[in-house]
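After the structure tokens below, expect a handful of questions from me.
Here the chain labels run A, B, C and D in written order, and each chain numbers its own residues starting at 1.
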Amino acid sequence: MIYKVISKSEFTAFIDAIVKANNAYGPRRVDSDRNGEPIYKFMPVASADEIAFDYTATHFSAKQFFLPFREELSHFSFDEQDNWEQHIRYEAPPTLLFGLRPCDISAVNILDDVMLRGPYPSPYYLARRRNTFIIGMDHLPLPDCFCKSMNRHTVSHGFNLFCSDIGDSYYLSINSSKAFTFLKEFELRNPTPEDDCLLIERRKLIKQSFLTNIEVTGLPLFLDIEFDSPIWEKWGDKCLNCGTCAMVCPTCYCYSVEENFDIDLKGSSRHNRLYSCNLVDFAEVAGGHNFRPRNGDRLKYRYYHHYRGFSANDNQQICVGCNRCGRACLAGINPKDVINDLRLERETCKTGDSPSPNRT
Amino acid sequence: MQDGRFTLPEQDLNREPFAHRPPDFRQKSEVMITDRGYKCRITNIVPLSVHERLFQLRIVDPAERELFRFRPGQFLMLEVPGYGEAPISISSSTSNREFIELCIRQAGHVTSALFEAQPGALVSIRGPFGTSFPMESMQGGDVLLVAGGLGIAPLRAPLYWINDHRDHYRDVRFLYGAKQPSELLFTYQFDEWKTVSHIDLHAIVERPDENWKGRTGMITALLDDIAIDPENTWAIVCGPPLMFKFACSHLDGIGIPMNRMFVSLERRMHCGMGKCCRCMVGSTFTCLDGPVFDYWSVINLKEAI
Amino acid sequence: MKHLGFERSKVRVGSFDFTCCEGCQLQLANKESTLPEFLALVDIRNFREISSERHDDYDIALVEGSITRSDEVERLRKIRATAKVLVAYGTCACFGGVNSLKNRLPQEEVVREVYDGKKVETMPSTRIADIVKVDFSIPGCPVSKEEVERVVVSLVNRSLPTLPRYPVCVECKQRLNTCLFDLGEVCLGPITRAGCDAVCPSGKSACLGCRGPADDLNFRSFTDLVRDNGLSTEEMLEKLRFYNGFADQLGHEES
Amino acid sequence: MKKVDFDIDLHHLSRVEGHGNIHISVRDGQLREAQWAVVETPRFFEAMLKGMGAERVPFLTSRICGICSISHSLASIRALERAMGIEPPEEARLIRSLAMHGETLQSHALHLFFLAAPDFLGVPSVVPLMQSHPDIVKAGLQLKELGNELSIATTGRATHPVSLALGGVTRPPSKAQLLRLKALIAERRAALALATDFFGTLEIPQFVRETEFISLRDSVSYPYIGGDLVSTDGVVKEENDYLQMTNEYLNDFSTTKFTRLSRESSAAGALARFNNNADLLHPNARAAASAFGLEPVCHNPFMNNVAQLVECHHIVEDAARLVDRLLDAGLTDLRASWKPRAGAATGAVEAPRGILYHHMETDEKGKVVKADCIIPTTQNNANIHFDLRALAGQALAEGRSEQETELLCVKLVRSYDPCISCSVH
């Protein structure tokens, strides 16, 4: 890692040049909600002035750039002799992502663990990951962000370049030779002790700005113990099984595979499609038996996956605390309330004062 | 307006060799790491019952055939081109390197398509995947195999294994139950198992017909018929969840240690590689950590039964 | 053409319309780029809208529209008796569709309103399944040609087609739309069966539920959500009634 | 003259939209009866609309017809906007016009190639033509596809628009979509030329019955949305006076009403638009018209097919112009905000099959108090009916056989491109 400082105007020139030369995506303001608050999304950008540099958080995560909602895994072509060939392509065009937050980059790092470690690394993911150039930016948290609780409010790898706002300039963490080569064309200076000070101040400020904190230590154990807790039914009764939370989440990666014939019957293609454990048929097997028949069973699973972790990624918690799911959920279900409920359940039952007497 | 100096070069970023071309499996170990399967020809189809058939497959490419090795209890992802994939236990002998046998029930989209296929058709397999029965550890002990219904499919591989290495094991018993006599599969092999493999085989049905001369009742009734040496017995139990739950708790009752009882779990699977999360049981994957689990793990898994 | 060793044959279809706008049948002629391939899969035996040839040896009957007159009941029964597979095609056929909006008034009043004085026969709009057995439903107002293609391809390949079981929100999110609830509108996406690729919300227009209820929907939570967002219950009810897809849920609610 | 007796009884005429019957009865060589009876099941849209919130109205009215859903949607939007004093922004107007072009092109192509062409070539449907005339069918499909692509880009889908709304449009076509349309239009001109040559080779029956042609006219451009109501007999009225143009009356053999103005019947549609507005066509379209010898005022109903083809030329050129204007526009100001209020007004648009009126009356909450929709085919039914009588008479006089007469009558009805399910709404 090399550290440099760049003035804001020079930085804009740099971003403009690199965005113009590449297939680039960055945060843009696309709408205003009914309270007049801006809505940001990662959208194609063709020049620096299209980018909302001061954006807060995007509605959708950057996950789709690595795990598209729908992707062809392979294609079969059938011939007249009733033989077939399977074709698989992994290539991905080079893409530039600008403006990812530390939690977004952490999420990509988590996906790296899931998709690239273990016995069967995913070549589809790898191709996209390798061909994506990430420029990160820090920001002051929204009132409901809780990435600090998940220890994801800072990030030290997984990006090509990271920019911290220190007033008139950006403090750059350059983490790839490509980024360094690009930046050579621009006016940079080495950080002065004063710049370092500003950076530390900035970090402090960000850290102190979190208004939402969730206590997640010991959660894996709680989740195991509370597997049959009535709180799942309570929140499950609200859940619409709409999958919105999983679609906007930067780390939800569960998918389903579909295969369809081409309309001319001369081939077929196998696609994967982002799915969600909240959807009704996620755990249904052939013959119709559903291992998670109730809303609560399914909702629990998402929490189980996020805060307990699964064996395939070392039982690591995969939530980064961006609260996108909480903001997007129409039923008003969010991690903070669910986890607090779970803790309350644990802590009150210690005093023999369980709020849910019909527990078995 | 494009400035070449700032363009991300494709070659540079795509530098990982297998981002460009598929890996060459012939140089790899026995595990396959992508969605590319081995092309197989259906060489024979044997009807077993109304809804179950035995499919014999042969990997077309000799080099791939040479590469394909598996252990008893493992499964593969069977691709029926155009229709999709389904996880299926390998039901043949590990020493049979020429053919793979799969015992399949017509259950839904993919399996129904397979039932339309004619001998000679080309399908594809990925795998093998998953954990297996620890046949080596069982050496020197008694083996008790318990199957209910289609549960016999994953048990044929250990049965063949035992036949191949009969002198490694002491008493081998096979208890097999089905709803009705017509649903007992592989009855044509019973004699061979009894006389050639020296396996003590007992069958039972819940609803007998007029020709049925054997035992009637639930599979647990057979457990009362035989004398089990709990100290030295290893058990493999396959069948519907309710059945293995009863059988295992019975065996637990007579003192067989839980980590010497093995079951095979079934869940919906879409990838077989621990990515799609469809097959999760508690926090474990049926495809990576299973399908073979010892009973101790199963009772510790959320949602297993 | 052989596949997996069996010969695939064309499906012989008849297409029939009852009380409707014929928009669903029109979809068959849409998606022009694949139309020749599509027509190669079907043998059209009876389809008044596009052909004057009529035969009664179809295997699959696509039935569009709802039933609002007694002669239609007769015609439908005959079709059912001839067809091996009867597909209810479009929202009118599956749920009664917009035609059902007149059911809330006495039928004489409806006739008086439009035909003052003249006697015109009509009865409350009913879906196809209320009169004859339906083997498969393709909902949508209009149906999506992609889905129809998928169904026909499935039939040619001797497999059973399926519909998505989850709600429209899944597809809406996958198209990266801004949720209409964020913009202060009532959208039926959370309770409506997906499969349309969320066309309406993608056009920034609320889902009115033409594909009917999703599996295991949570109606209580949905009505709570409308209320908690301070949105109009009246608007919600008007939307829920629009295609008559939620008659069951509304029935429970109002009783 | 030979003494002939025959009855033509065509039940549920094929290759038209909706259900209609032709009855012709000849006794002793004399035409006793010639009837055009619509037997479509009515759906009572006017009753359904009562009490509905204005915002939902265009979604319901578009369901009147699967072929001209955009016209219905825009007619009710226009009526409601005029009733409540809403002014849609200019960019939205451009998008709406483009949507109308898409629908008309799609509908004309469907009619010309799928419904009418088989008649002229003596086959039961377009399917055999795919073998015998693959280039022509391909050209037809390409034109139809262009129409649908215009509708999809402007309204969200080909049938039953999703983004046309009161006050404007909810979502504009993206820049990528517009660029694609631009390229597509340029590419599909060849298909249109091919189609024009092909229709030039077909023989159009000679039949003339003088009638009155009614259409919209706005003095600046070929009319699609709004304008004056005019007729070839010289009547000119304001949009809100639509009832004086239609004068609906009931008859006892049909579930649709009949209309009339200065004569016993009148006609609407492509030929009517042409007869009233030929001067406003794009020069290319005018050139195509003269190549076919089509001149205003033409009284041969079979020429409606040619008028449709001429309009296709106009649409392709005008769509190219509109796409360019939209590419230059910012596409930011798309929807005027509005408050519901009480009011009443008419919205008239030129649907593919002719002038379409929606009249809406709202209360102060913006709910519909009264709705009235008069559909082009309703305005043509009487004309079809009287044309049939004249045509059958002429055929008899020419000594044509029963089969020939039947074919001619069927062709006549189809050349009106009737949309019956929509007329009995």
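To be clear about the criterion, a contact is a pair of C-beta atoms (placed from the backbone, for glycine too) under 8 Å apart; a residue touches a chain by one contact, two chains touch by 3 or more.
Since we're looking at a predicted model, the values are computed, not measured.
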| item | value |
| --- | --- |
| Chain D and chain B - chains in contact with each | C |
| Most centrally placed chain - per-chain CA mean versus overall CA mean | C |
| A-C or B-C, whichever has more C-beta pairs in contact | A-C |
| Separation of chain A from chain D, taking each centre as the mean of its C-alpha atoms, in whole Å | 51 |
| Separation of chain A from chain B, taking each centre as the mean of its C-alpha atoms, in whole Å | 36 |
| Rounded Å distance between chain B and chain C, as computed from the means of their C-alpha atoms | 42 |
| Shared-contact residues (touching 2 or more other chains) in chain D | none |
| Sequence positions of chain B contacting 2 or more other chains | 81-83, 121-122 |
| Shared-contact residues (touching 2 or more other chains) in chain A | 78, 82, 261 |
| Every chain pair in contact, whichever chains are involved | A-B, A-C, B-C, C-D |
| Touching residues (chain side chain B, partner chain A) in the complex | 1-10, 12-16, 18-20, 22-23, 31, 33-37, 39, 81-86, 107-108, 111, 121-122, 124, 266-268, 270-271, 273-278, 280, 283-285, 288-289, 302-303 |
| Residues of chain A defined as touching chain C within the complex | 30-31, 33-34, 39, 41, 59-60, 64, 69-70, 78, 80, 82, 237-244, 247-248, 260-261, 263-265, 274, 276, 279-281, 295, 328, 330-332 |
| Residue ranges of chain C touching chain A (in the complex, touch as defined) | 1-5, 8, 34, 37-38, 40-41, 149-150, 153, 156-157, 165-167, 169-170, 173-174, 176, 178-179, 181-184, 189-191, 214-218, 220-222, 224-225, 228 |
| Interface residues, chain C side, partner chain D - complex | 17-27, 29-30, 32-33, 35-36, 39, 44, 47-54, 68-69, 72, 97-99, 101-102, 105, 109-111, 113-115, 117-118, 120, 122, 141-142, 199-200, 202-205, 208, 235, 238-239, 242 |
| Chain B-facing residues of chain A, complex | 17-18, 20-22, 73-74, 76, 78, 82-84, 86, 88, 90-96, 114-115, 118-123, 126-127, 130-131, 133, 178, 182, 185, 224, 227, 253-259, 261, 268, 270, 272, 275, 277, 282-287, 291-292, 301, 304-305, 308-312, 315 |
